[in-house]
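Heads up, there are several structures right after this.
In the two assemblies presented below, chain A is common to both, partnered first by chain B and then by chain C.
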Partner chain A sequence: MSSTTLIAGLVTGLLLGGLFAICALGLSLVFGIMRLVNVVHGELLVLAAYLNFTLGRWAGIDPLLSLLILVPIMFGFGFLIQKTILNPLMNKGDEAPLLTAFGLSIIAQNLFLLIWKADTRSLNTEYTGLGLPVAGIQIPLMYLLEFVIAIVLILLVHLFMRKTFLGKAMRAAALDADTARVMGINPKFVYAFTYGMGSAVAALGGTLIAMTFSFVPTTGLVWLLNGFVVVVLGGLGSVFGTLGAGFLLGAAEGLGGAIFGTGYRELVGYIIFLIVLIMRPSGLFGRSNG
Partner chain B sequence: MDKQLRQLKTDKKAYGKLAGLLGLAAFLLLIPVIGDSYAELFFYLLFINVALAQSWNLLAGYTGLISLGHAAFFGIGAYTTALVMIWLKWPFFVALILGAAASMLFALIVSRPIFRLRGIYFTIGTMVLAEALRIWMINWEKTGGAQGVNLPLETALSYTTMYYIAFVLAAASVITLAVILRSKIGMGLRAIRDNERSARNSGVNIYRTKLTAFLISALITGLAGGIHAEYSGTIEPYSIFSINWTLTALVIVIVGGMGTITGPILGAFIVGLLGEFLIHYPTIHLIILGIILIAVIRFFPGGLRGALVTLYRLLTEGRSARKIAGNQSGADAK
Partner chain C sequence: MVRKGRWKKRVLMMLCLILVGGMLAGCSGFGQGSAPKEIVIGASIPMTGALSAFGSYEKWGYETAVKEVNDAGGIQIGNRKVPVKLILYDDESRPEKATSNVQRLVTRDKAVALLGSATPPLVLAGAEVAERNKVPFVTGIAPIRAFLSARTDWQYVWDIFFDELNMTQVPFKVLDQLDTNRKVALFTDNEADGVQMGKLWNEFAPQYNYEIVYHASFPVGTTDYGDMIRRAQEAGAEIVIAQMITPDVISLWKQMETLGYKPKAAFLEKGAEPVEFYEALGKSAEGVMVSGYWYPFSEEGKQLRERFEKETGNTYSQHIADTYVAAKVLLDAIARAGSTKAEDIAKAIDETDKEYVIGHINFKKGEPHTSELPTFMLQWQNGDTQVVFNEHGETTADIIFPLP
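== the complex of A and B ==
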């Protein structure tokens, strides 16, 4: 194995880590603000991919341009899911919302199968297959794009959480829902907003997945697990931690894929995850108090 | 006098329960004789599902450990059983025991680190662990990789034999749970589920008690995997390590009634019947199951068993209330 292969694996993996961070961000928000393990997050990504696919078929719009329509739709959809289905369970322990999200995931996967069939799909444009040769390494354009988008997105979300009233309300509700209520914040609204925000970010993530790779109705599981790895490594609800962990996971999987073969890529990520989870249950970049 | 009467009543109730169970067992034992191969398949799957559900129930319902990685135990049981039969040419029953042992060994190895994870982290950890194992098996050429392996055809047991083996497993899993829950371990488990700290203060050995439940759960699931491998004749990692095994167990337990013994049996019947009803529409079957799961969690947290018990109480209390009212009006008339 040449050192070029290793470096190529490391660099492309690191860049792809941006996509991991984007796809994990929604999971991280929902997890951090309301302690909900949103196991249907993978299906939200895939739903966005399918909706974008259908929009492209009907109107022939560029997938990235479709996001202008798709992001608000997914936000509203997420808002409604939380408001009608999950909010009534929020004070009934961790298990009820988790298992309900599991039920939603089963329903979603089978609806995809029913509506869009089991065929492998992807979003192709003139530029999705392009690559840039840098120092003898072929770097896919999409990876580069995802790397940049991830950094911008994380910065935006960070600013939102720090500077806006809603962002502060979200963090307040996460710390102590009862005190937040006394201060005039409606936790149920904040939860619905958070879930909507997570779904809106999933619209971006799902679109990028479909432009970079391909997808089927069950693709969500892999991205959910990748998301778990990123969220736990990054620390509960830490926005910058999500970015750092995304890059780390990308680099580790890229390197692992170069050494052991592409079939073992995800296994490398999972094993690192399990080791870190056991050594430091609050994550690599995490503060113990969230 | 009153005490004796009450004792007599509970005895009567217990005997009634026992008679009902024996009747059910007799009916199930006769299925291969009186039913067709279709009924045999239905009940075979029901038995496997009851065993899986009870083993998941032991962890989730009685210990508070929500595992999403049960497919790992199932897969290890199935693969070990198959490989011992293929590589060593040992008979099925020996292989099955080794399969269950391998599943328990895996549980023992992962137990110490995985028990450090609390609540949702335990759930995520078990899910990732099972997926890691699945990817490993898909890529590992020694065990057939993605193609999987075929079990020896010449020594294959008949479907009817497998039916009875699965029946024994299902019955044994129900009896095991009933016995454990009446023991000191069962009390410890429920104490841990309700409040781990006060359980520790009351002298419950947390690690050992959890480990016992974990090992028994791995044993039952591993046996189910081994039996299913022999029944199927061929196994491959995608379906054997599929999260669907965990999913089925979870849905059955929650729909039937978590933390009870009869609940999962009821749940397995309902899920099985719905599956038969919608046999040509598997996607719609799963969509409906998802909806039922969500509705049960929201409106009947005790599952169908809980709903039935409430209904029964409402009816009988209504009757006794009327009786009292009737007596009183009679007394008034005097």
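== the complex of A and C ==
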């Protein structure tokens, strides 16, 4: 094994970590604001992939351009799910919304199957197969794109949360919904908006997954589990933590794959995950309850 | 005393009734000569999940064979023709689900015979249940060595598919006609057939004067293959041989393109076989090769292909043939047995010696409880698979080499 292979593994893993962060961001937002483990998030990613696939087939639109249509659609869809299905359950304990989300996930998988069949799909453009040679390492263009998008997206979300009224309202509702209500904030609207945001981000994540890899109706589970690891590793609800954890997990898997082989990528990722949790149970960027 | 006598009479009458009832129940449907209302057969197949591509062909193959029998009035059992009821359950591409589905077919649905799922992990999961319960089970889509790796003493299970021992040699035979540096990168997943075929390729490569310069083994569902692609590149492999499922092999091929790794020849077994492989990758899949065991050369084969494509609107796959034939072999055996008794059906299956659309089926010629399908090499050309190498018969196109 050459040093180039090692460096290439580390760099491409780090870049792929951007996609991990994008896919986990929606989960992180929903958990951070509502304390809801959104187990249907994987299906939101896959829904976006299928919608983009369909748009491409019908109108021949580039998958990234399609996002101009898809992101608002997914936002509205997520907003409606929270408003009509999950909001009425938010004060009925942790189990009711969690189980409902689980039910939605099963329904979604079956609907995907019904509408798009079980065939493996992928989004291909002229640039999805491109790679850039940088210092002797071939960097996949999509990985680079995902890395950049992840940084920009996390920064935008961070700014939104810090600088806008709605962002502050989201943080207030997350801290104490009852007090926020007294201050004139409507927590149910905030929750619906948050879920909408998570779904809009899933539009981006699902599209990038489909452009980089392939997908089937059940692909969501893989990315949901990966998302959980990133969210817990980064610290529950921490936006920057999600980015950092995505990069760390990606780099660890990339390096692990380069050293031990492809079969051990995830093993190395999970070992890092366990080590971090033992040393910092609240995650890399999470605030300790103690 | 009188009361005691009456009770004795009542108990005796009850016992008689129970005995008669039991005898009647014993005769209803399972004995030779008396006909059940319907013959229930079933299968657990991957309609969803990573192996769903196989499931769609399998469903059509099984349903078509059963429909043909029912259109002809059913199967003669005793003095009348009995319709066949086919029950299909989705195993979600998960072996544990295949196990519970087959258990359900046996215990709840009272299936008298069973058909297989797709790929060794799923097929073997169901086959073990059938074997334990002594219910006849015929399957395709399970390479013979992997099928026999689970056990060699099958009594109630039969397999119709290719033998990896022969199939794994075909790429080397094809390569012998081409100009390469004889360096091979081997990518195999950790499913039973991946492990088995990985071993065989490693064994055969030196015999054909090829060198396996890199061999990666990895779990199904891996997303990033960058490191193994780079190692294959570094090792200078001009040939790639892989055994992977369709979603994984699509990701692999995309990443090979991205990382600028273009071997001169690629054999992507299993995953590159369904048409969705080409649909997902488009022109970049041009020239990829995958072993085949059926091509619609014959008139009957052409008709089967046309029927599938007309009914489903999809391009055919060779899996329509082996699953259709597996069902035909089972149904023919039930008809020959004239009975729904497991022992009778099993005996009839074992004695199968007949020409089917996929070739001659005989379970006594080669390895026990298997009927081998001879293999050739297919290549993706303009969205269709063409036979480019065939030791046993004709080819349909010249080979594209090197990969465009």
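Structural remarks
We take it that the second predicted complex is superposed on the first by the 281 of 290 C-alpha atoms of A that agree within 3 Å, B and C clash if a C-alpha of one lies under 4 Å from a C-alpha of the other, contacts with A are read in each partner's own complex, and residues count from 1 in each chain.
Operating definition for what follows: contacts are C-beta pairs under 8 Å (C-beta built on N, C-alpha and C of every residue); 3 or more make two chains touch, one makes a residue touch a chain.
Source: prediction; values computed, not measured.
After superposition onto chain A, partners chain B and chain C are found to clash with each other.
Of the two partner chains placed by the overlay, neither chain B nor chain C lies in contact with A:L27. By the document's definition of touching, both partners, chain B and chain C, reach A:L113. By the document's definition of touching, of the two partners only chain B reaches A:L99; chain C does not. Looking at the shared chain after the overlay, A:G257 reaches chain C, while chain B stays out of its contact range. Residue contacts after overlaying the shared chain place A:V229 against chain B, while chain C stays out of touching range. When the two complexes are overlaid on their common chain A, residue A:I81 makes contact with neither chain B nor chain C. Contact with chain C, but none with chain B, is seen for A:T128 once the two complexes are overlaid on the shared chain.
Looking at the shared chain after the overlay, A:A202 reaches neither chain B nor chain C. By the document's definition of touching, both partners, chain B and chain C, reach A:E266. Shared interface residues of chain A (contacting chain B in one complex, chain C in the other): 109, 113, 261, 263, 266. Contact residues of chain A toward chain B in the complex are 35, 37, 85, 88-89, 92, 94-96, 98-100, 102-107, 109-111, 113-114, 221, 225, 228-229, 232, 261, 263-264, 266-267, 270-271, 273-274, 277-278, 281.
Those residues of chain C whose C-beta lies close enough to touch chain A in the complex are 47-50, 52-53, 55-56, 92-93, 190, 216-219, 221-228, 230-231, 234, 246-247, 250-251, 254-255, 257-260, 274, 276-277, 279-282, 284. Residues 1-2, 4-5, 8-9, 12-13, 16, 109, 113, 117-122, 124, 128-131, 133, 138, 140-142, 212-219, 222, 253-254, 257-258, 261-263, 265-266 of chain A touch chain C in their complex. Contact residues on chain B toward chain A in their complex (touch as defined above): 66, 113-114, 116-121, 123-125, 127-129, 131-132, 135-136, 138-139, 243, 247, 250, 254, 283-284, 286-287, 289-291, 293-294, 297-298, 301.
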